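Sharing a structure below in structure tokens format, with a few things to ask.
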């Protein structure tokens, strides 16, 4: 089935697997129609980059709450594209670099991509890349301006480029006049339905269908996939029946939201 | 006819074609009277620079929404002028440069122009050039002041200079006291009429007159030419009837505006 | 009994004792159920790091008033974990360092931890580490961003990491978008009950059970364990009956709160 | 007549003509009583510098809308003075200089002037000199403070100095506590009367008295001399009757004001 | 009597007298019960540092209006303590040093103190040390953070340390989150009673008991000891009866308060 | 008479005359009782510095509108004191210096003064010294803090020091917490009475008593002495009766006030 197919993507990442594996650490679970809608829109814009002559640059913004799976989805799409050139630009790989060095590395990635006819660049976690903090607010205007220009620069010499960016704070990007760089926006959903909850318990928590059904009765809030994985693991850690523990987690224990 | 004439401009750009071709990537379409009004005003100020002795410096500001075609029009006018000296100052060519280096390159361009009796300088995307971001707000005051002085400096020794600048945020320029540098302002229009919509579908989307007529019935909003090109391409990408796809795009799919 | 067991932890700290002893200077007193709840939650997340494959990174935030015992508890948990790699990152060890040097040392500690299969890092007093001051407000955005990225970076190569952070100002962390880095939060309680007060008088103040009982009658406010130790010592310092002195301290003398 | 006399000043600028000619590009037109009032006050303060022992320093501020003719008038007065030492300090001559270099050059000009018994210094466009922008607001405090001190410093050793400064934003100077440096302030007027309008059409637009009379009927607003020159030139550029064109310009075409 | 005893302290300062004498320039006058309360609390915390094992660090904040005698009292307590290590950290000794150099010298003083079993450090005038100014507000965050960390760092290796800090602006310290560094706060009182006023006139102004009695009738406000010394000296300077002069000073002449 | 005596002070300035003569350019006119009150208070604090042992440091602030004569009075007092060490610290002598260099020079002046038993330092125009501008507001905190510390530092080794500072903006000093550095404040008055006006016309304008009487009838506002000198000189410059001219100046011509 479809779900199986997708979660099998991870083992097959191949050559750039090293880069990928830090992102979709727990694979990509197809937890229902919400996920499939997102997955399908991905197919559409990948195709457009491949074939349209008039739009050599397609820039997509993945939004969603912290932990909703943006980084994992971006790498999943990049993998799906099977483009010859894929580059992940992540703040995790630029620790300790000055803002000048960061801006240069970002520019370099784009210039490299211009040499390939079909490329994909992931800009993971824009807020961290530009070193944004709401108090002040402060951020690296150098990196921001570099991104802004690169987001709008048509690849020269018939090159085609797909840019996948992630953010959990689109309103900040709007305030920074960056939003008109993203003609396409995709929202990574959080888990809100019992059926989604159940599907994930089975896939990632090794719950039987019956246990998952039972446990899903206590779910009536909203949770991100990353939080849910943490909850499942804590429930499995504690002594006693995992379903009971999960119930306790959901109703008593406070997993603090932001 | 006129439309044809114009869209044939692109192939003939000649020597500086390399510089130009990144800007009006999809040519210049004459989509109706709104466009022609803008095109005519262009002819007027080009003529003035050529012949008036009392106004050796003519400075024009092209305003309009992001994607409305400002950069393409500026290069189109520069091409039309057939001035011996044309220089494009664009943030895309100054990535990674310090603000001092940028200010120097801008100054250099003007000083070079002073050596030619008849020159045209394009200052593309003032906000990006001055590294403006509304949060803070921040920007390079060095580059801003450099522009401000150069915008007002009469070319020495009987030189004549046409400056074409583009911005999508004229209110910021006003707040920066920069507006009195532009005696002439031209607004690049967005697409608002069915007839304009139809003309562009035919010219850029390879729709037949009948298909274009049909599709234009679903258009009743406001869109920039750049957005419209993106929509057309997505409609052509999807399986099925392009007119139906376009209808879907216009009515369901959310191309996010700023 | 349990209390005895815990307060005996200190002498046995072993190899890293040097690092530890500046933190829990007066040992860890089990003053009742409030303390035990906190101690138990510690056991739970230590276990989770040891065994769960899906959550190789567990990040805990210890909150509480200044002097409530956060630093002492963090070192106590680190000691309890018996992980082969333990590192304390404290502003006290970075006096005189530039923010760059501090960020590098922090990054270095995490990189070292990635080489060990099971690690624990204490980030003591986040506000001081990021040099935060509410007036302005000011802080080192470099250190903040470094922490933010490291808090979210999954240890590569199957490594597991427990991060224990302390703060007395969680609302500032929230304002800095740092809160979603801490799926688990533990509040270090202040002393509010007579029974807790009494237990501490006996354990740390060498009061007999009867004296402690007597003195605890005058306690009807709220005090941190650090303040209480100061009060006990002042009471013992003064000439006359310690119980009377303590009464005087609690009712007359103004130990200023913030 | 007087008007003729004045507009003949330009060709006779003599030795420092190079410096001057960039400023009063189109000469100085006597367009009526408003102009003469300003011209006379100029004579008065020039005389005072020459002869009074008690006021060796006379500092004058020329205010007026952008394009009202401030810079041209300042150079006109400097020329009139026939002082042996005249220096123009203009942002146009300091492009690319650091604020330190600018402050030094300004200081140098004053120090040079102190060596001459009778001197005149023009400080053109104070806002640009101090790199002022209302957003922030930002400006070079170094240059501002340098000016402030120099404006108040009595020339040593019996020297006499006339300082002519121009600004289009006197309220900013007031906010900067700079206003008490200017005991004398002269406002450069904008064109508001039909008679003034007519005089300028004849002098600068080569309109016959009758044409000028006709055209001036359509003028009922307020315009600066610089804008008016631009309008006249555009009107002459277009095909057809210049008077008709002028009418069109004044009533339809939008020359944007700030 | 007690007053005499205390004011005799000054001559006997001994070895570190050089450092001390700039602070309590006019000795320490015992002007009554308000003073004695403060003096006694000093004895208490000095004793605590000497003997308590659980509180090796005692940090005291002396607050009070400018001129109320904070610096003099701090040196008086340091002298009283007879600790083998006493160090005064004062902005007066750091003129011209960079903030880095200042922070280093402060850190050095604490590190030196850690080598002595019993130490006292005076941090005089915290606002000046951190270069605080309310406009902005501005201050050296480097020095502030250095102080903040040092104020909380327990002396290693069984060392004991008394920190005496002075400020005339405790509310700023509160705003800077610095207040929880000072478990003990002592307010240096201003002169408000006729009896205090009289005692000081006799001790420092060489007034006879009768003159002092007479003059104190005109005192009905509030004055700091430093202001009072200034008033006495001005009264003695003027020709005529000192009591009459003092009356004039108190009732007519405006010694401006802040 | 007294007036004559004072205005003869200038010629006799002697050795340091060079420094002085730039300040009281037009001498010191005794224009009546307001002036004498100020002059007398000067005598008082000069005497106090000379003789009091308890107040080795006397710090005076001269306030008053721009042009009211603060700098001239400060140098006049310094001259009157006949102290062996007099130093003028003026922004006019520090043009082009960095804030560090300025702070060093100020510190040096004080340190030099400490070597002399009886000294006077003039701090002219505090706002300019600290490079203050109300927009922002901005200023050199380094220089401000240096002044703040020096203003409070008792001269070591029995030295005595009189500090004379001038400002036209005491409220800014108050906002900067600098006001408690000035136990004595003297306001330099502006001219508000006809008698004062008349006295100055005679002394500085060479008006006969009768002319002065006549002219003073038209004076009913408020003017600083510096403005008045400018008005007198302009009146004398113009052709015609000086009294008539003065009348015109006072009633018609706009000498702009701040």
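As written, the chain order gives the labels A, B, C, D, E and F, with residue 1 at the start of each chain.
Here is the rule we go by: a contact is a pair of C-beta atoms (placed from the backbone, for glycine too) under 8 Å apart; a residue touches a chain by one contact, two chains touch by 3 or more.
Bear in mind that the values here come from a model prediction, so they are computed numbers and not experimental data.
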Number of steps on the shortest touching-chain route linking chain B and chain F: 2
Maximum centroid distance from chain C, chain identifier (CA atoms): D
Copy-to-copy rotation for chain A and chain E - C-alpha atoms, rounded to a multiple of 5°: 120
Distance from the mean Cα position of chain D to that of chain B, given in whole angstrom: 34
Chain centre separation (chain B, chain C; CA means) in Å: 60
In chain E, residues with contacts to at least two other chains: none
Traversal of the chain ring from chain E via chain F: E, F, D, B, A, C
Interface residues, chain F side, partner chain E - complex: 44, 47-48, 51-52, 54-56, 103-104, 107, 137, 139, 141-142, 144-146, 148-150, 152-154, 156, 172, 174-177, 179-180, 182-185
Chain D to chain B touching residues, read off their complex: 22, 25-26, 66-67, 91-92, 95-96, 127-128, 131-136, 138, 168-169, 204, 227, 229-230, 232-234, 236-238, 254-256, 258
